[in-house]
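Look at the two complexes coming up: chain A is in both, with chain B in one and chain C in the other.
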Partner chain A sequence: MSVNDLLALTPILILVLGGTALLMVCAWYRAPRPLLAGGVTVALMAALAAGLVPPPATEISGLFSATSYARFFTILWSLLAAAGIMISARYVIDWRLGAGEYVSLVLYAAAGMALLSSATHLLGLFLALETFTLAFYILIACNRRCEFAAEAGLKYLLTGAVATGFMAFGIALIYASSGSLHLPEALTSLTTATGALQAWGFLGWGMFLVAIGFKISLAPFHLWTADVYQGAPAPVSGLLATGSKGAVVAALVGVIAVAGPVWHDLQDLLWFMAVITMLAGAFGAFTQQNLKRLLAYSSVVHMGTLLVGLICQSAEGNVATVFYLVAYVITSFGAFAVIASLADERGEPMHFDQWRGLGYRHPIRCAVLSLFLLSLAGLPATAGFMAKLVIFQAALHSGFTGLVLVGIFASLISFAFYLRVILVLYQSQNETSSWHPGSAMEHAVLTVCASAVLLLGLFPGILLDLISLILT
Partner chain B sequence: MMIPFGHALAFAAALFILGLTCVLARRQIIMILIGVEIMLNAASLVFIAASAYWQQADGQVFVILLMAITAAEVAVALAMVVYLWRRKKTMIADQFNGMRG
Partner chain C sequence: MTDHLLSLMTFFPLVGMLIVLFLPREADRLIKTVTLIVTIIVFLISLPLAFDDVFLTSSAMHYTEFVNWISIGQYFQMNYNVGIDGISLWLVLLTTFIMPIAILSTWNAVDKNTKGFMALALLLETGMLGAFIALDLFLFYVFWELMLVPMYFMIGIWGGKNRIYAAVKFFLFTAVGSLLMLVAIIYVYYFSMKAGVPFENGFSIAHFAQLDIPANLQMWLFAAFAFSFAIKVPMFPFHTWLPDAHTEAPTAGSVILAAILLKMGTYGFIRFAIPLFPVATMKFTPLLATLAVIGIIYGALVAMMQDDVKKLVAYSSVSHLGFVMLGIFAMNLQGLAGGMLQMINHGISTGALFLIVGFLYERRHTRLIADFGGLSKVMPVFAVIFMIMTFSSVGLPGTNGFVGEFLILVGAFEGGLRVYTVFATTGVILAAVYMLWMFQRVMMGKVTNPKNENLKDLSAREMVIMLPLLLFVFWIGFYPNTFLSKMNPTLENLVEQVKGKQQIAMMAEDMEQSVTKIAVNDLR
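After this line comes the complex of A and B, so read on.
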């Protein structure tokens, strides 16, 4: 590891060392507000460093890339961490969650996500994945007041641990068959290896995909999602739905970029997974009476749609995938932020009975929530519509008509259940109680998310150009 | 005498399947976690065998880091087990079924 490598790692080092510093400080100084402010500052500094410090090397120790693609996601996850800490502030203060620990765990998670998005080596990929998974185990269960937090933590822990087992064994088999952990070599040797070694290699990649399926909740490995999102505090669910899944998808874009013809052998399997994921998510969401569970199933549908973009394995498909990912991250995080901003000492509004008529009590935030839901549904003039358009276009150009038809069918079903939430929001004026008016920071996060959703919906060209620039 | 690569892989695969069976069949949280540990140890074994087969240190480095990760995971998992025990006085995974769709 040379000085250049360290310089290229600057944003990650800021996140990790900043998180550690806050953890040390909180051993003696436990006032939550300065610690939270410190966490936001560290995350923003990391984003700034990623944007301003040009990386002197393109690959760090052969483990992580430091290309503009990696930098893009480092900025995105750092900003997400900052927003996540901002909307958790009231949770941490009111529910006494331990500010230093909470903030440093969010920062470690962001570091893990940023590293995962830039992994070029199976070891780097595994370590980065475990970094944020371990942080999330604790973050999910950290709220001792909520009766379901511990249960949610247990469910994420058990599925996460099994996924880790599959991931480790899969990578071990890939290494056994190829003799290399560096992604390009590990993938190309799959075509050159012979006999039993090739079979082990394919088995390894299959197990690798099972672990990925657990992490980004592809059907049939999606059953944990709704329970975990329901039990975790809304800001953590927001980070889990966007960052932890988005980082894995970002890493997959990097994998298929170097996969070459091997990807064709896995395409049928992925085609099948994408179809059942989209359908399972859409039908699962239909019967939900709880907004957090509904958003969980919505994330399952979106992961299925993202898989459509990945299957294409074309430059257009990759651009569409990254665009869709960014649009989904902003929108879904915004929806969880609305829930977080309404939470008070009673907890969070979750069940539809608690949301009924809330559109008249909290008109602005419910309008913003409706905007996010419409964007998730893919209504024109929102980010979600453009995202769906580019991804289905890319799939059509690559000749996956069947997949596009299933995707559109799933979108139509999704539209019905998002609309149901909006109807609930604007039903019967009376009988609902008010929730928390929300802090200034929460309103700031919501404003940024809502304007980004509209901006990406009306002027998608800006981001699309940027993404095609960083992908080449 | 060198152990053939295939034998090491077959043994590790058997170990992995045993671990997975333990995870799927046992309902006690501690036993499930032990099953996961066995799965991870099977992975370590493959790494060591492959490292010897390809005459590289990469696999051995991975094993050391895997041990560190496993230790961290066990630390978090056992803390969670204590926390769950305090809340519900049970170690059976199926008892944690409070959330319904």
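After this line comes the complex of A and C, so read on.
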């Protein structure tokens, strides 16, 4: 590993070393506030470094890339980690969670996500995936007083272990038939000279996709999602729903760009997965009475829609996927941030009965939540609408009319359940009690998310142009 | 000033909404007053349009504005492209005219979270005006969806007992249609790109209308658009959301819904579905005319059997909009002009009837016909106004309804829809039956229910609400030319364009058939 490699890794190193330093410091100095502030600073510095320090090499040890695409996601996940720490601050202080440990775990997770989005090697991909998965095992179960948290942590651990097994075996099979783990070759060498596909390699990719399916909760591997999101603290659920899934999707976009004929053979399978994911998510969300579970199923629907963009395997589809991803990350994280900002010593408002009429108690935050929900539903003038539009447009362009129709049907059901939440928020005024007024940091995060949702909805051109630029 | 008149008119309610949002929540009266002033200002802004004589002679778009809005790489270009012509002129004015009336009607009716209601009403006005002036299909879609949300919440939060059910039903029905329309819009866009329409034009309908879309593709695209618009109209099998939405919606919501939102459907046919897909229009005419006639008769029959006044008026809308659709698909000047005029008429008379039902409900908190009877003795002024509006809805000569229905029937009869016209005419008779019977049961006879003995007659505010509507009932009834003369040039142009394309398509089909015949003969 040369100096150039290290320089190219600067943002990741800042995250990892900063996290470790904070972990060390907290052994002697346990005041939570400075540690949290330190965590936010480290994450912001990493984002800054990724944006400002030009990488001297575009590939690091053949494992990770340092292209502008990788840098884009490094910035995104670092900012997400900073926002995640900001909305966790009150949890950490009130529940005495151990600020150093919490902050460093979030930073490690961000480092893992950033590495995953830039992986160019199956081993690099595997390592990065395990890095943030391990961090999340602990973060999910960090509140030991909550009985759901332990259950959630265990569920995530078990499904994660199964996924890891699938992935490791899949990678082994791919290596056995292609002789390479480096990404273009691991896919392109799967075909023999006559153009036929090697069966073992194909099986390997199938297993790989099963593992991916667990990670980003594609149906039928999505069953853990709702339980885990419900049990984990809202900021962690927010990170889990956005960052951990987004990083995998970002990596997939990179894989697909070089996939070639293998992808074509997997297309039918993925088509089917996208359809059942969108439908399972939409119908699953329809009956929920708990906002966190509803958001979990909503994330399932969104992952299905993202898969539609991936299936296109066109430049337009990739741009659409990345745009959708960014829009989804901002919106969904914002929705979880609203829940986090309302939480107090009673816990978080989750069940619809706790939300009933809350729009009159906390008008601004509930209006912001409504905005996020409308954006998730995909209403014009929000980021979610633009995102859906570009994805469906790309799919129509590539000839996947059936997928678009299913996607539209799922959107329709989504409309019904998102709007139902908003109606609950503005029903009868007198039944609920007030929740926490929220800290300044939480309000800042919400302001940023809400402005971004509106900005991307009205002027999506800025981000779309940037994405087309980094993808070429 | 006139350069940006349309934008000013469309977005002024949005400014008003922001002002309303910053007013203190408890200041009920203040919020209502500010909203009323904003809607009146919007009406005043739009008023010069009514006096502009350019519409008398020109069929082109006026007051156009064009700004590049969203461009996505080399894939997508959407523009802020608005304008107004003889088709949208009166619908825009109807919107700005009805809004202050609707707001005034909420004075005592809405007392729960007034701020939210007024903010939504203003947002709704922006959405409606934007949809009427949009010349870019994508922009139209954005405004079209924008209208949906405020209406959903108006029904869902301020509605009656079954409000959630009605709101969800309203939303789902309309959303199904609009999402399919979105797919069709994107499809047309791709087609235009392939056909070489310049990228900068975006979704401009003027350019889409010049495309030569193959007939079988037109059928699909027309079906997607028509489905969406037919739900909104609503046409016969898609009308079931309407009675629920109307019964549960607050009075102002019902008025806006009936007077303006329903017109979005019929307007959509005239502005988008027909000029963009003329050949498919020709093929679909028998089906749509049949549905229109079924709607006319079915709506009337169901209205007759209602025991709730509001539901009766709601079903009468189904019947009336059936007439509008019949007129539009006659595809000649009389039919179209009648359809357009009947859209305005329906806005005025049904809007007024919903207001009247609202007045009754505010006084007695019931809408059942059986609870009333003999009200004309207690409320003489109310009785007169109610009677005039009933006549207008029935289409008595001298009122606006007569002119519209007459033109439609003449147009449809001459436009090759004779059999349909015969059946549709029974709808006129049925309308007289259900409206007059209802009027008789509510207003005539003796006061049987003691609760009705001391009802107050209309207040000054309620008179102010009804008088402008009365004015237009007679204005259109006696001198419809004021309105017709300004929409005729545009409609003539539309008929010419559509008929021309239809004839070319028919000739092409004949050619094909004769070619095959010749080929068959050769074989023999």
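Worth pointing out:
The working rule: the second predicted complex is superposed on the first by the 467 of 472 C-alpha atoms of A that agree within 3 Å, B and C clash if a C-alpha of one lies under 4 Å from a C-alpha of the other, contacts with A are read in each partner's own complex, and residues count from 1 in each chain.
Rule of thumb we're sticking to: a residue touches a chain if its C-beta (ideal position, glycine included) is under 8 Å from a C-beta of that chain, and two chains touch if they have at least 3 such contacts.
Only a predicted model underlies this, so the values are computations on that prediction, with no experimental measurement involved.
Once the two structures are overlaid, the count of chain A residues touched is higher for B than for its counterpart among chain B and chain C. With both structures placed on the common chain, the touch criterion links A:V162 to chain B but leaves chain C unconnected. Of the two partner chains placed by superposition, only chain C is touched by A:V319; chain B is not.
Of the two partner chains placed by the overlay, only chain B lies in contact with A:G231; chain C stays clear of it.
In the superposed model, A:E130 lies in contact with chain B only, and not with chain C. Judged by the touch definition given at the top, the superposed model places A:V16 against neither chain B nor chain C. Legend: residue contacts after superposition of the two complexes on their common chain; A:L374 is shown touching chain C, with no touch to chain B. In the superposed model, A:S468 makes contact with chain C only, not with chain B. Within the complex, the chain A residues that touch chain C are 316, 319, 360, 374, 379-381, 385-386, 389-390, 392-393, 396-397, 404-405, 408, 411-412, 415-416, 419-420, 422-423, 426-427, 429, 459-461, 464-465, 468.
Considering their complex, residues 5-6, 9, 12, 16, 19-20, 23, 29, 32-33, 36, 39-40, 42-44, 46-47, 49-50, 53-54, 56, 58-59, 61-62, 65-66, 69, 72-73, 76-77, 80, 83-84, 87-88, 93, 96-99, 101 of chain B touch chain A.
Against chain B, the residues of chain A that register as touching in their complex are 123, 126-127, 130, 134, 137-138, 141, 147-148, 150-155, 157-158, 161-162, 164-166, 168-169, 171-173, 175-176, 179-181, 196, 200, 226-227, 230-231, 284, 287-290, 293. Put simply, chain C touches chain A in their complex at residues 70-73, 75-76, 112-113, 116, 141-142, 145-146, 149, 152-153, 156-157, 164, 167-168, 171-172, 175-176, 179-180, 182-183, 186-187, 190.
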